[in-house]
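Here's the structure, in structure tokens; my notes come after.
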Amino acid sequence: MILGKVSGTVVSTISHPLYDHRRLLMCDLLDAGGADTGGYLICVDTVGAGPGETVLILDEGNGARQVLAWKDGPIRAVIVGIVDQLLIDEVVYDVTG
Amino acid sequence: MILGKVSGTVVSTISHPLYDHRRLLMCDLLDAGGADTGGYLICVDTVGAGPGETVLILDEGNGARQVLAWKDGPIRAVIVGIVDQLLIDEVVYDVTG
Amino acid sequence: MILGKVSGTVVSTISHPLYDHRRLLMCDLLDAGGADTGGYLICVDTVGAGPGETVLILDEGNGARQVLAWKDGPIRAVIVGIVDQLLIDEVVYDVTG
Amino acid sequence: MILGKVSGTVVSTISHPLYDHRRLLMCDLLDAGGADTGGYLICVDTVGAGPGETVLILDEGNGARQVLAWKDGPIRAVIVGIVDQLLIDEVVYDVTG
Amino acid sequence: MILGKVSGTVVSTISHPLYDHRRLLMCDLLDAGGADTGGYLICVDTVGAGPGETVLILDEGNGARQVLAWKDGPIRAVIVGIVDQLLIDEVVYDVTG
């Protein structure tokens, strides 16, 4: 899994019916220290994450379908947690933004 | 999922029979702000996307086969939506090109 | 899928028996304009591609096994088409080499 | 598989129930000589690894679920071993940190 | 598949029981011309490869499990052949090291 920060939402009026009523969140990918890497992933949310929050992203299709209990879901990346703290080299980093 | 922009079509006279009558679209990959990254993917279309449109790309084989209801399809990347707007840091970006 | 150009052949006298009688082609990876990226993949051929030809590469294990009808094949990348033209921004690029 | 070094723990108070009681370790990715690459992965532990230890990381969802005997686990990366030594070009490198 | 060169062995005294009696080889990844890329993968061997040999690496979990006939194996990368020659642009490159 990797770290991301929710930056916004992707609006798509024409999309595959399997995406109806699914909110797609734009997430900037973070490095191990919580800094922006320049990369991003568009993720389906499972925990009610909102803009500015640091999140845990699972980027693997089979696991993503399982976490959503969505057997035939055309997805690859999901938000599986909201991250509060990173304990790195015995120092606590608060990342609740 | 990631963002792309349809730039053209790939013409292949000799290809595996499973690709007959499938249109292959060249998609430039975009960053989170909608700028060209220099990367690309050749995608199968599912939503009627055309040149210049910003699209949502799913790059995962099992999900791609499911979205196309194409159980044995030799594919990895599909266009699953046309993107109209990005709502980033509470600003609306129109990306209909 | 991505674009490649066949540059040669990989000769392996000692290999897993599942590879017997399979020709392994060295393919340089191309960017969206057909230029060499410096990357490569060693692919199993399915369409009779030869040196110098621009090809369509599928880099995904499950799809690769299906296109070869080779259920237990230890493969990841296959050549699934020979590319003749790229139609990019309404300009036709001949890539038959 | 690749090499990593455990640098800390990720604390997530809101996460998908499937993660309850699973410890998530932040692992810096190492190059073949044991030096930090700047990359990282958040991994589920299977061997009792602790901060500062060099570990063997498997980054593949289906294998990760199997090693944890966790059929529907929403995971991709697991720590599968603690690395003691690298024998490179006939030289022994102790990496027990 | 990609090219690698075996550079050494990874010693792990504490590892998941599924790895018992499996030799883990450190392989430097090579470019299409056989030069070191700086990357690496830790691979399970299937052909008796030794240090200094140029090898063919399959980096895909499902195929790796099949080539080893190891249905639940927690692996991703395997050595599936020893490479003797590369025939690139009609020139033969001997890569037996």
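For reference, chains read A, B, C, D and E in written order, and residue numbers begin at 1 within each chain.
Rule of thumb we're sticking to: a residue touches a chain if its C-beta (ideal position, glycine included) is under 8 Å from a C-beta of that chain, and two chains touch if they have at least 3 such contacts.
Here the structure is a predicted model, which means the values were calculated and not measured.
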Chains touching both chain A and chain D: none
Contacts shared by chain A with chain E include exactly D
Which whole number of Å gives the spacing of the CA centres of chain C and chain D? 33
Taking each chain's centre as the mean of its CA atoms, how far is chain D from chain E in angstrom? 20
Multi-chain contact residues (two or more partners), chain B: 61-62
Could you spell out the chains in ring order, with the walk beginning at chain D and its first step landing on chain E? D, E, C, B, A
Touching residues of chain D toward chain A in the complex: what are they? 7-16, 18-19, 24, 26, 28, 38, 40-43, 51, 61-62, 65, 72-77
Write out the stretch or stretches of chain E touching chain C in their complex. 1-3, 31-32, 46-48, 56, 58-64, 66-67, 78, 80-90
